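There are two complexes below, and they share subunit A, which is joined by subunit B in the first and by subunit C in the second.
Let's look at the complex of A and B:
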């Protein structure tokens, strides 16, 4: 079956699945963020238990096998612990909201991880040599009796089993009153921004005891609050430009050269609402849950509850493309409000060439849209399709009338199986899809 | 329509209250959306009830006109003083229509907890704004609530 992903037709195949098979899912194991690094060699996941797991791609063997290198666990560490705010009597969750990699500048890898309140810069480095032959201590580390030292020797570096160490190099704390929803590394590779519901701060990676507040939408009277910030991202090439989305479905682009305080936007993106589709839940479903610049920097993509929209940065009054993710849910909004699913925050991502976009849905379905051919496909992350290199069969939701064979009806969808987080390899057709506590990796057959 | 509106209103209120006990504290975004939805439902419900009283046979007003109002007391409703009053008022309206024996108490519905402090008042007291250092940028507020001398153990 034809897939989606660019000029040629691609065929998505199962590659790997990581995580427990148990039906009983431990809350702490639920994956809350997925991110490839700049080269695609490393894939990081964060979970609700505050842990970060990094997978590394195996080097490809000389004899070309059909499937490319697999991702294996490279490092696991506890990034955030639960904390308690004594003044407000509130617990601060350890859940990792976002992970963002820094570009690699030396042998070590660096990433930023954040929970609701604190951002941490982690250094992940390899150690494959150990010094042996110390003068003052034994091989097991105990101090030698000084009287027994009769000669001096120079310690020698000996190879050892590879050890991957993760150490927190910077802790950026106490700068957010509200819950952090986004972090984004700037293209200058020196600064990054962090956004909570009402404010956006600009940090320098080397400085932890202060940051600059660049956006503040908190009203003087909180009773007048009508919208919050839902996501923010730095432009991939212009280090002075960033965007932030709101709960009202609008996006503001700000230029830090215009003013130190970016309360006034440079561009304001909003699509006029269709009055015929107004309902009790119009506000909720128009809230933007994710915003991502294209790799080119020319476009940006936003995800609201039912659709994905691609915007040209040069046109503010409407998106250039709109893709319906699961329009069949529009008539079910009341039930989705009841079971809280309407508040789910789906993310979206671009492929490396910006020709395709991907986002998740329910029943462990995820959707891909080819921007050139306008074709779309629905695939499922399921252990039933988990034979190595098994091709994924497109799925279809029956929206009414007679259900065809292999179609699934809307009422049969499992709303507990939601795919909120997906990531696309920056250069190849390899995707990572987080399905609750499992991480699926799919590859294009021709990859 | 008014039945659905009332249902959504009650649902919203119960969600608002249960979100207070959620781990991680009150989520501003979610609370805002719940408040807005509740307000919209309440407005529809009241409009429907008023119309029924004035002209029992007249059709319902379209929803659009009600949702143009600015949400200027959306967060006050977290305290549910207004909705609580309205619910009691609704009870009376309903009772008068159905001729059921009126419940003459000020008992609040079961799912409403005792009155608590309004959202965000604590936060305003805690803000400590750093003095402007003259370069035109705002420095972030520092909350000294968190113990900063936690030992961070390298893995």
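Let's look at the complex of A and C:
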């Protein structure tokens, strides 16, 4: 059966799975963000315990031409620690909300990671030499008594085992009262934005003690608050343009050239509500959980609870494409409201050529949509299908009537197994899918 | 057109004011109030979640108000409804949904005020909890470039002027709560507020430590970025020994001051 994402002869195969197999999942191990770097060589994950794990793709072997290089652990470090806000008597979670890579400009790699309040710029570099013979400190690092130094020597570089070290180069703190939900690196590679529920700040990567507030939707009277910011992203090519989405299903595109403060949007994207499908939950399910520009910069994609929509930036009144992710849940909204699943924030992503999009669902299902052929496919991230190069079988949810052999009924779905975070390699058909505490990597297999 | 997945009933049932609709309304209200009370117990509820629940409650309130305004008398008794799986919540709710006509109207008139109060209380509580701290000193104010269009804005801008000083924040937000809280909730809100406020917050060193951990190691890590001397590409060990020693001494000096002024526990 033809798959999605590359052409007619296309199948998704299992490649790798990372993470513990135990049924008991430690809260700290739950993956909270997944991101490929610009080349796809590195894959970063963040978890609820504040850790970042970076995988590096091994060089492709000539002998194994049918499969691409595997991803192995490259670096692991503790990005954020739990903190305590003494003023408000609140604990600040160490959970990594987002990771965004910076384009590589030299041998080192840089990424931004953020929790609810603080953004950090990390440098990941390789070290295969070390300097020995310092004047002011001993070989073990202890400071030497300056009065006992009677002669000077020049430190020499000695080879050592390859070590990958991660060091925090910048800490951008104290700029967000509310919880940070997005960070996005600007195409000028000098600035980036961070967004919380009510405000968006613009930072310079070199400057940590100040940021510009560019959007503020906090009303003077909090009683009037009916809408919050849910996601924000910089345009991939136009460094003056960014978008932010709201809990009411709207997207605002702002141009920083128009004003220093972008409270007034340049474009306002909203689809008129279908009155026939209105319910008590209409607003909740219209809340946008993720917004992503296409690589071309011409389109953007939004994810709400039940669907993914592709918008042409030149058309504000409706999306150009709408894909239903799990429409069978529409009749279950009350239950999903009761068990809080309706508040789950699913992410979405484009493939490298913008011809396909992917997003997650429940029961460890994830969905892919081919924009050209309009075909869609549902796949499952499961240990049962984890044999090397095993082809993934399409899954189907039975919505009523007689259930066929390989189908699963809506009532049998496991709502605790949700795929919120997915990533697509920027150039190849390799995808990373985070299923709770496991990271699955799938790739294509050309027939 | 009825919601997908719902079995078609007699036409009148799903009309606004119909029995199915009323049952759904009750379910949504119950669940929303449960969540509201649950979130009240949390120290810092999610703002997105609170706003969505509040908006849902507002919608319920609006529906109830429109029902009472239209004067839609319910001549039928709301017996246990054999709802389809779309709005089924199990037997406890089925029992709970048994209302007489008078009960329903009585509910709507008595609880309307409490619903409004609940919604107001949610948002005011959030404001009180969140705004006590305010953003840190590194957030620039609303006129970062001093351009003219920033000056003529409305009162939203004046609020930001309060955020540079923590102590004035606390005073202003507590006075705001005094004037804004409904009388029935004021005592409760003030108690909660006072519990949240530590008297040491008025001392400057707490402001200094806001958002930072107190260990010297953490301060040292922050220093390279504040010094503006290190560039993006410099290796992590670029701080010269002399500067590190000086900075360690400075940190110790600062810590001494803090320890002297901070009462020993």
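Rule of thumb we're sticking to: the second predicted complex is superposed on the first by the 413 of 447 C-alpha atoms of A that agree within 3 Å, B and C clash if a C-alpha of one lies under 4 Å from a C-alpha of the other, contacts with A are read in each partner's own complex, and residues count from 1 in each chain.
One rule holds in what follows: a contact is a pair of C-beta atoms (placed from the backbone, for glycine too) under 8 Å apart; a residue touches a chain by one contact, two chains touch by 3 or more.
The structure displayed is predicted, hence computed values, not measured ones.
**Q** Aligned on subunit A, subunit B and subunit C: do they clash or fit?
**A** In the arrangement built by aligning on subunit A, the partners subunit C and subunit B clash.
**Q** Quick one: classify A:212 as touching subunit B (first), subunit C (second), both or neither.
**A** Both partners.
**Q** Contact-wise, after the overlay, does A:201 reach subunit B, subunit C, both or neither (first, second, both, neither)?
**A** both
**Q** Decide which partner touches more residues of subunit A, taking subunit B and subunit C as the two options.
**A** Larger number of subunit A residues touched: C.
**Q** Touching A:162, do we find subunit B (first), subunit C (second), both, or neither?
**A** neither
**Q** Look at A:171 in the shared chain and tell me whether it touches subunit B only, subunit C only, both, or neither; answer first, second, both or neither.
**A** A:171: touches subunit B and subunit C.
**Q** Touching A:28 in the superposition: subunit B (first), subunit C (second), both, neither?
**A** neither
**Q** Identify the partner contact of A:78: answer first if only subunit B is touched, second if only subunit C is, both if each is, neither if none is.
**A** After superposing on A, A:78 lies in contact with subunit B but is clear of subunit C.
**Q** Can A:136 be said to touch subunit B (first), subunit C (second), both, or neither?
**A** Second partner only.
**Q** Kindly point out the stretch of subunit C, out of 41-49, 77-85 or 239-247, that overlaps with subunit B after superposition on chain A.
**A** Clashes occur only in 41-49.
**Q** Do any residues of subunit A touch both subunit B and subunit C, and if so, which are they?
**A** Residues 83, 85-88, 90-91, 117, 165, 167-168, 171, 173-175, 177-179, 197-198, 201, 210-213, 216, 222-223, 225-228, 230, 247, 260-261, 279-281, 283-284, 287, 334, 337-338, 343, which sit in both footprints.
**Q** Touching residues of subunit A toward subunit C in the complex: what are they?
**A** Listed in rising order, the residues are 81, 83, 85-91, 105-106, 108, 110, 117-118, 123, 125, 134, 136-137, 143, 165, 167-171, 173-179, 197-198, 201, 205-206, 208-213, 216, 218-220, 222-223, 225-228, 230, 247, 259-261, 276-277, 279-281, 283-284, 287, 327-328, 330-335, 337-338, 343, 399-400, 411.
**Q** Going by the contact rule set out above, which residues of subunit B touch subunit A in the complex?
**A** It is residues 4-5, 8, 11, 15, 23-25, 27-30, 32-33, 36-37, 40-41, 44, 63-64, 67, 70-76, 119-120, 122-124, 126-127, 135-146, 148, 152, 154-155 of subunit B that touch subunit A.
**Q** Could you please specify the touching residues of subunit C with respect to subunit A in the complex?
**A** Counting only subunit C, the residues touching subunit A are 1, 3-6, 24-25, 27-28, 31, 43-44, 46-49, 51-52, 54-56, 58-60, 84-89, 120, 123-124, 126-127, 129-142, 144-145, 147, 149-150, 154-156, 159-160, 166, 180, 196, 198, 201, 206-207, 209-213, 221-222, 224-226, 228, 230-233, 235-236, 241-242, 245.
**Q** Over in the complex, which subunit A residues touch subunit B? Could you list them?
**A** Those in contact with subunit B are residues 77-78, 83, 85-88, 90-93, 95, 116-117, 165-168, 171, 173-175, 177-179, 181, 197-199, 201, 210-214, 216, 222-228, 230, 247, 260-261, 275, 278-284, 287, 334, 337-338, 340, 343.
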